[in-house]
Each structure stands twice: as C-alpha cells, then as structure tokens.
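As structure tokens, here come the structures.
Each of the two complexes below includes chain A, the first together with chain B, the second together with chain C.
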Partner chain A sequence: MKTRSRSRALRTPGGLSLRLDLRAVVVVGLFLATALAAGVALIGTGDAHIPAADVLRTLAGNGTAYQDFIVNELRLPRVLVGLLVGASLGLGGALFQAVSRNPLGSPDVLGLSQGSTAGALVVIVLMSGSATQVTAGALIGGLVTGLAIYLLAWKQGVHGYRMVLVGIGVSAIVTAVNGYLLTKADLVDAARAVVWMTGSLGGRDWDQVWPLLTLCAVLVPLVLAHARGLRMMEMGDDTAAALGVRVQRVRLVLMVCAVLLTAAATAAAGPVSFVALTAPQLARRLTRSPGPNLVPSLCMGAALLVTADWASQRAFGADQLPVGVVTGVLGGGYLLWLLVTERRAGRI
Partner chain B sequence: MSAVPESDSKRSTVNRLSAENVTLAYDRRVIAEQLSVEIPDNSFTVIVGPNACGKSTLLRALSRMLRPSEGRVLLDGQAIGSMPAKKVARTLGLLPQSSVAPDGITVADLVGRGRYPHQGLLRQWSAQDERVVRESMRQTGVAELADRYVDELSGGQRQRVWIAMALAQQTPLLLLDEPTTYLDIQHQIDVLDLCAELHETQGRTLVAVLHDLNHAARYATHLIALRGGEVIAEGAPNDIVTAELVEAVFGLRCQVIADPETGTPLVVPAARRARVTAAS
Partner chain C sequence: MLVDSSPVPRAEAAPAPPTRRAARALGLLLSVVMLVLAALASIAVGAKALSPDQVWHGLFHDTGTYGDVVVDERLWRTVLGLLAGAALGLAGSVLQALTRNPLADPGLLGINAGASAAVVTAITYFGVTSLTGYVWFAFLGAAAVGALVWFLGGSRGATPVRLALAGTAISAALYGYLQAVMIIDDSALGRMRFWTVGSLASATHSTVTQVLPFLAAGTLLALALARPLNAVEMGDDTARALGANLDRTRALAMLAATVLCGAATAACGPIMFVGLMVPHAVRSLTGPDLRWILPYAAVLSPVLLLGADVVGRIVARPAELQVGIVTAILGGPVFILLVRRRRTAQL
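Now for the complex of A and B:
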C-alpha cells in the first residue's frame, strides 16, 4: 500500500519507537537555522559593526577583549532574551490555540498581554518603579489575568469558545483600565509606558536571561510530555477521554504552562504584538501537519522575533524602532500572504 | 469468564460491564436515579427509548465520560472511575456522538490515533500499531481511502473512518453513541451491518444507542428499553418487543409484526385516524 503520510517511524530492537514527520523535522531545522543566523547577524549589528565570522569566533571564546565585551556582555544577552521570548510566545500561543481549539485563542486576543501591560503600567505610572519592578508588575499582571480567565471560563471544565469569549471580555476591561492609567500619567511616564507597550528588546542584559532560561528549561519538557494528549484533544474532549487522555488534567497543566510562558515573556520584552498569534499559524502552514505543532511553533516564534529585531535595527538603527512594531508588520504580512496564496490553492 | 465478582458486590455479576444503582445528573438536573444495568458479554446490546430518556447519558456513564453522583459503574469487577485512564481505554472503546477531524488529517493518520492507549513517550509507533491500523481500515472498508483527507469524505465514509479508529483501539468492548444519526438510510444499514459483523466474527461486545426501534430490533441481540431514566424492559428483541411495550415506552399505539426479511419484530405505528379516535 503506497502511503501519502509523511510520518516515518524509527524503531530499535529494544521496542523503542519514535514517530517523526519528515516535513516538520525539515521545517524545524530551517526555523532554527534562521533564528541562529539572525541571532549572529543581530550581534554583529549596531554602532560597532562586527562581521559574522568574528562574532562566531568571539562566541567560541577567541575574540579580542573589545569584541568580547561588545558581543558577550552587551549584545548576546539581548539576542538570547529575544530567542527565549520568541520561543515562549510561540509555544504559549500554540498551547492557547490548541486548548481553545480556536486560532483566535491566543494570548494577545485573550487579554493576557493587556493584563501584563496593566501590571507594568501600574508600576510605571502610579509608582514610577524601576525596570525590575516593571518586570515584576508585568509578570503579576499576566498571571492574575490568566487565573481570572481560567476561573471565569470554568464551568465543569474549560471549553474553547467560552474561554475565547471570556478572554475577550477580560481584555476589554483591562484595556479600559490601561487607557485610564495612561491618561493619568505625566509625559515622561507616558512615553516610557508606550515604549514598553510596543514591546522592545533594548537594554536587556544577563539578569533577564537567567530567569527566562530556567523557566523554559522546566516548562518546555513538561509541555512536550503532555503534547500527545493535547494532540488527541483536537478531536474533541469525549474522543480524547475515550482514548485514555485525562482531559481536564492535561488542559490544566498546559494552561498553567502557557500562562507562565506568556507572562514571563511579556514581562521580559513587553507585549510583543502578534508573535503568539502568528507563529503557530505560520508553523502549521509550513509543516502542513495536523496537531498542535508545538515544537515548530516554538522555533518559529524564536526565529520571527530575532529576525524582526535584526530587521528593525538594520532599517532604523539601534533602538529607534521597538521590535513589536516589526513583528506586527512582518508576522501579520507573512500570514496574510500565506492565507492569500493558500486560498488560491483551494485550502483554507 | 474466570473473574470472580468482588465479595462486597451485592449483584452476582459475571459480566464485564455493568452499572450498579447509579444516579446520573448534569449539575442538579437528575436524569436517572438508582439505575442498574448489565451488559451481557459478547452481546450486541442496543439502548432505546424516547428523547431525553437518558439513553445517551447512560452510555456516557458506562464509558466513564460522566461520573455517577451515586452508585458505580463496574468494569471487570472494578469501579471504572478509579481505574487508570489508559487501562480502561485498552478495554473499552467509545465512539462519541460528535468528534472533530483535525484539519488536513489523512484517514490513515486519524485511524492511527486510535492506538494512543497502547503507546507511550518511547513507544510511539510500533510495527504492531501499523499492522492493527491497516487491519482496522480493511475491516471497515476504508483501506482504499487511507491517503485521502478526512474532510473530503462523505458522511458515511467518515463514520466508517471513526469506527476504524475505535477498532484500532483493540478493545473487547465498544460503545457507540447514535452511530447512524445524520446518515441516509443506505449508510445507516451499512454502519449497522458493520457493527453486526464486528460482533459476530470477532466476538466483541457492542453497546449502541439507536433512535430507530426497527433497526434496534433487527440488529440487537439484547435490548434495553429506557423511559424517564428507568429500565422498562430488557432482553432479546423477540422476547420483549410488543405493542404494549412500545406504548409503555414511547406512548405510541402500534402493531408489532414479524419483519418479512428477518423475522424480528417490526413496529408499525397505528394510522393517524386510529390514534386520534382512540385518544378522544
């Protein structure tokens, strides 16, 4: 029997077997290569231009003291934060969309980003807090909003549409609060708030890298361990439960992970628009594979964010344009282009 | 059956699946109270009854989709709610009323998902999985469609694919919630024939909720008639389907004659005039 399925099984004599989708593996490889290439290019970009070869040599520990300072102290942390934030948003978005079974069920739409913004605005406007305090405020804002959505959407379990609708309602309220906070702010605070609200990677250092890295190191394996159950839940709760998936538990674990990932990423870089919404959609269209596409979304998010940061620095100079502006234009544009070309090809 | 029933169980059950004095409710809306049902092993049991009599609710309880507020459902002598989910899923399969085929999934991949309870993180796709999936598609007659996208199929073909997925689960017990709804008559018969074949040739125990009493009488080996959350009658269709029973369960005056094709009971509703004059 000839088969169109691209899945290949790898088996060992010991009874181990892994199933891989060849196209997805290739796509993930491409995303990773893009993310790393953009990362190297980004490190070389700035007032002091460093060629890619020198960047690589310095990363390996063989650069001059001057290069070492610029690369490892100033620019590498920023790139790492970009990679981690992009990966977290991509994965978080894929989880939200899969759990709500709705492409609109992404943190941007559900009000999670707005919740983080509210937390940050409270610190900036009412307390004129430091950067670290803003980060903490955003983290708390995101977590509280996530919890609120989950509790409000809970009705003998969380259902997709209900969660999206509740999220949109929460989002509207929080957006109103944010608007009120902004009007109360003086000019300096307001300008700072608006830059934060667009999402920016400017001035990120190692202090932001370590917490994010630790969080990802814990949550990503946890999420992937539940990915197979999530894949079954695509077919409806009953079908998944009949196959032996503990639906409510898987959903709770994954929601908590998604909220943590998104809140942490937003706290680190601001509500970088659209990455969580577009990365999973782009990943899905490129792998052309059913399922939540978690790993491809993660890699796509990282690639998208770092590429956008590089593009904004190339085009407008360092920190002239916050990365959120570019992710919005780039991610949105690419998604529209894919949708238009796929409509011509007769697929949705 | 070698399994000896638990000593604390009052019923001397030897059947693998049964409900013991269960009370079934959604929120506070009680559907059934103190309901007890036995599913005879190796039977093709069909649950019938009017709308909202609790037949789908009972099936949901039997398949542990709904936890009884009182009483318990027993599978092989154990309370089904306290068994490991994957272990239950290797014994008892369910075809729910509504399933969603993921976008862009092929028939073979969807059927392959039925192997989930037999798989693990390090055992994702064994040669056995592949064999079972191929065999399930062959039995349900969808082998030729293996590489087609599920969204391209007709309703009847799609239902066969879902049944193939449930078969790939390789469970001795299979529960089907209204498997013929939304299908035209030829596909309804097609699906029921398939069920009968699975029951006869493989000795699987099948439990189905059906709307059509005549289909139920023709295909079931064991019939459970529910009304208002209570079992009104149960047994072989030939023994229990009478005009009195149909009137008691459905409130419909009718004649029961022998099906000219199979000899099973055939319910013919009384003409409108006869029913109207009887009521006045």
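Now for the complex of A and C:
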C-alpha cells in the first residue's frame, strides 16, 4: 500500500469540500460497467439466445413482441433480482466486516444466512408453503437471528469480537435445527429445500424485484449517511467516541440496516454464499483505499453475483446449476487464500 | 492465550493433599456410576420403553423374547455412544490443552467438518461403502483441516477468536461443498442428510467393531499425553525449562485428536460441542491437572452424549431427534455463555 494519497479534494464556492479518491471512482465505474454488461449478457443467455444489441433495443422498447416477452417478462426480473441481491449482500457484508472489524465477520459466518434458511425450511418442510410464504419465512428467520445475536452479544454495549463469537454459537444451533428439518422432510421437499439453501436466481419475477428495490432505496441512503461514523469507528471505539461519534447508536443503526439488507437478499434468492464475504474484500483490494468502502462493495457485490450467474448459465446450461454453487466454490477458494494472506499480515 | 485465571497445574507444583486426591477418586467413581445409569437408560428408553428387569433379562439371559431383541438393537447404539462420547470428550480436552484455548472444540474448529467432507467424497465419488474404508478418509480430512486451522489461526500465537473464525470459515466452505454434492446427486442427498446431522441410530455390531481399534488407540495415546500436556499448558518457556519435548507432544496430541475425531465422525457423523462442554465442566471439578481431566472427560462425555440421545428419543416420540442436533442445541447456549463470561479484553 502506498503512503502517498491519490485523493483530491473537491471544493465548492460555498465552502463545502469533499475528498475524492480518483482510483476508487474509476473502480466503482468499472464495477458498474461489469455488472451492467454481465446483466445484458445474462438476459441474452438461455434456451432462446438473444444477441446483446437486440437485448439493448428491446430494453429501450423497440424489440419484437417475442423478444419483448422474453426479455422484459422472463429474464429482466431475474437480472434485476441478481443485481439487487448482490448489491445488498455486498453492502451488508461490508457493514458487518467494518463493525466486527474482522474480514471474516460476514453474515455467512455469523449465522444470519442460516437463520434465514431456518425460516424458509420451516415454511417448506412443516407447512409446504408457496414461494411467497417461503420468502416471508426467510425474512423473518433472518431478522430474528440478527436480533438474537445482537441481544446475546450485548453486555454494556456490543463488542465486535464478542458479536462474532456469539454469532458462531448461534450459527451452530441454527445449523442443527436446519439439519433436523431436512431429515424430517420427504425427499421431494428436501430437494426443494436444498436448492433453496444453495441460493438460486431461477424463476424470479417482478414480485421479488419491487420489495427489494424499495428496501434498498430506503436503506442505502441511510447507511451512507452513517458511513462517516463507521470510518471513525475503525480506529477503535474509544477514539471514535472521543471524536464525537455516538458509537453504540451508529453501530445499532448500521447493524439493523445490514441485517435487513442481508435478510431481504436471502429471502429473495436464498443464502447465496460468500458474496457478502468476498465483495468487500475484493473491493477494498481494488480501490486500495482504507475505510469501509461501502459503495465499491455494493457495486462489487452486484457485479459478482450477476457474473457468477452468467458463468453458471453459460458453462452448465440454463438453470442446471444454481448460482450459489458457483459462488460457494469460488468463494471458498478465495476464502482460503484470504485466510492465508491475512494471517501473514496479522490482520485476522 | 489461556484465559483461566490459574493456569498452573497445582498437582505439578506440589503433590495434592491426600484428602483432595481421595475426593477426586470418589468423584471419578461417581461419574462411572452415572455412566452406567446413562447406559442403562439408553437401553431402556425409546419408542418401546422397557422395564429394568426386561433390560436385565435382555443383557444377561438373552432368550430371544421381544424385549431381548429390543435390548440387542439398542445395545450397539449405546456402546457406540459410549465410545464416541469418550472420544469427543478426550479430543476436546486435548485440543483445549494443546491450543491453550478455552473455546477449542472438534466441531467448532472444523475438524468434524473436514472428516465429513472427506467421508462424503469417499462415498459419492470413490464408491467406498464400508466404514473401515471411509474411516481413513475421515482421518485424512480431520488431519488436513486440523492442520489448516492451526496454521491459519496463527499457530503459536493463536487466539480463541482466530481459531474459532478460521474453523468456522473452513466449515462454511466445506458445508458449501457438501451442498453442491447433494444438489448434483439426488441419491447422495437421500443418504447424506441423515448422516450429516450426527446420529447414533444406525449403529450395529459391525460399526462398533470397525471403529473400536482406532478409538482405543486414540484413547490410550490421549491418556498417555496427560503429563506432557500439563507442561505445554504452562507456556512454551516454562515447559521447555521443565524438560518437555514440545514439538513431539504437540504432534502426538494432534494425532490423538485427529484419530479420535475422525473415527467418531466416521461412525456417527459430525457431533458438535460435546468436546467443548464436558472438559469445561470437568475443569471446574478437578482443577487444571490433565491427569484428572482426561479420565473424567472420558467418563462424563459419554454421559452427556447418551443423555442427549435419550432426550432426543423422548422429545420427538415416536420419531427421534438425532443426537448431533440435541448436543448442538444444548451446547450452543453453553458456548455463548462462555463467550459472555470471558473478559472482553481477552477476546
């Protein structure tokens, strides 16, 4: 990491100034471009192949009726869900990692995904519920788990490491419950549950897009408004408090947002593993900028998920392999590499 | 770092007073009695409850009545519970001493997950069907993950958080792999979903005889390591000054833990938290001397495991709750309690 800063300060005539990291801006631009390009490619991929130019024309409203149906009704919602889920997971992961001050403190490790899974499994196995009910169950499961972790870790405030360890304990309990639900199910329900548990974008429609979009529209600005405090908190609670940050309040608000984002994303697409863990880490490495890197993580998450889905569709055929398998295998490998390098640097 | 307030084993510093030793021996005897009771309960309780004389009849005057058949069925399950419980308790105690880490547990450190992933690979891709075949895969997986977690967790400088995180992260990765296998292969899902939660239900005579040699070897090795591990617990410098061979002790302790966890996991699937809860409880009874902790853990862990198994049979009657689920539901809160009790500065 270079010591010389590449950031510039933007000054307005009114006396406002804004620190602008050129590299970060370029990287965010690249992430967005990648996400959109992968999105267009993903719309064109499938049993009926559509060239990218036709996809763009159809999105602009000038396609044939046939293309219009495939693009706007069938595949666009799937891509939008992918983008939104990826963005939510990326941002949620960045928040968790910043608050726990540990690169491994992501929702996958802390048991939030398992909590959502438990909620979904209850609906699938015990009630044989519809897709909408599964989504609701997953949302409730994730929120309850997040609340439980926060309350159990509370002891005159929430300390990052204690939260991580309590999360690990909660995760173990919930995983056991999930295993039990899976053994109770008959094989058809179990297969459905396992596909859900892997995380898939197959068969997503506009019903999943709108709630997620609304939630992101509310939560993302809220998170960014508190980002300044979060940056201070990376120096430690005491320093942050001395600099005027209300540590516990900022942490509570950000945790609630992170839990909501993760739970909503998991409810929409299942617990797609490792996006929340890898996106912030990759973003931080590419922007080379200190701090929580919230916006880059968000864009990185979206790019990562849609690209992974596209790769899975191209390599294994339409809807053969859920996207969660791809992110799981790639993310697992990346995790090992991360553990080795972070250990060498003594940061874990 | 070990966060126990008095990490110096008192028995090493000065011989324990005779009354204390007598109390410990008496405690051990009581534990054995508890173990016998737990074993009898495990034979008697279930979908078909048996009276004590029916159990007696089945055990010692087997004439093939209905009750005797039930006893036969449950006997092997109980024996496996005894063996696996002792193995997990010993492995947990050894790991806690070895890593000087109060939160070390074979399940938490990902060692069980490593063994599971290796076994699932063996069954699905190599067509290994016999327990003696895949127990070697289990050893391999357990050893690989154990070494990896130890290395990633920072080796000598390992902290509880680092080790737990490294173990959980690797478990998460392996869990993803297991899921991928189950999605690709539906028949694997049918078989695996029961095995991956940890259960004693499928135990038979052959299961027990196949893992017995490994478990016996691991148990003897672990018990023999009590004295050298006592030295390791005092810190590297003190141990060296006392003439302990640190590297050899560490390697043997890792071997013992791997064999015990690997064999137990191969026989009954991954079971969490037994290796965490029992050594903690035992330590508060006996003090920090491993020469007492290990025998106590070997006797009391099966009490917990069999107890959990019996509870699992009662609460979900006539179906049953797998023992791995019961131990996780019991052990998770204990773990959280331990985390909360420690001073935050050290976590």
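Everything below uses one rule, namely that the second predicted complex is superposed on the first by the 327 of 348 C-alpha atoms of A that agree within 3 Å, B and C clash if a C-alpha of one lies under 4 Å from a C-alpha of the other, contacts with A are read in each partner's own complex, and residues count from 1 in each chain.
We adopt the following convention: contacts are C-beta pairs under 8 Å (C-beta built on N, C-alpha and C of every residue); 3 or more make two chains touch, one makes a residue touch a chain.
Everything numeric here is computed off the predicted structure, so don't read it as measured data.
In the superposed model, A:A60 makes contact with neither chain B nor chain C. In the superposition on chain A, contact is made by A:V166 with chain C only, not with chain B. Of the two partner chains, chain C is the only one that A:N102 touches; chain B does not reach it. Of the two partner chains, chain B is the only one touched by A:A241; chain C is not. Within the superposed three-chain arrangement, the count of touched residues of chain A is higher for C, of the candidates chain B and chain C.
Applying the stated contact rule after C-alpha superposition, one finds that A:L335 touches chain C and leaves chain B untouched.
Residue contacts after overlaying the shared chain place A:Y180 against chain C, while chain B stays out of touching range.
Counting contacts by the rule stated earlier, residues 348 of chain A appear in both its interface with chain B and its interface with chain C.
Interface residues of chain B facing chain A in the complex, by the touch rule stated above, are 27, 63-65, 85-90, 93-106, 108-109, 113-114, 116-117, 119, 121-127, 129-130, 134, 143, 146-147, 166, 169. Of all residues in chain A, those touching chain C in their complex are 102, 104-105, 108-109, 152-153, 155, 159, 161-162, 164-166, 168-173, 175-177, 179-180, 182-184, 187, 190-191, 194-195, 197-198, 273-274, 321-322, 324-325, 328-329, 331-332, 335-336, 339-340, 343, 348. The touching residues of chain A, counted against chain B in their complex, run 1-5, 7, 9, 11, 15-19, 101, 156, 225, 228, 231-232, 234-236, 238-239, 241-246, 288-291, 347-348.
Chain C contributes residues 103, 107-108, 151-154, 160-162, 164-166, 168-170, 172-174, 176-177, 179-180, 182-184, 186, 189-190, 193-194, 196-197, 272-273, 319, 321-322, 324-325, 328-329, 331-333, 335-336, 339-340, 344, 347 to its touches with chain A in the complex.
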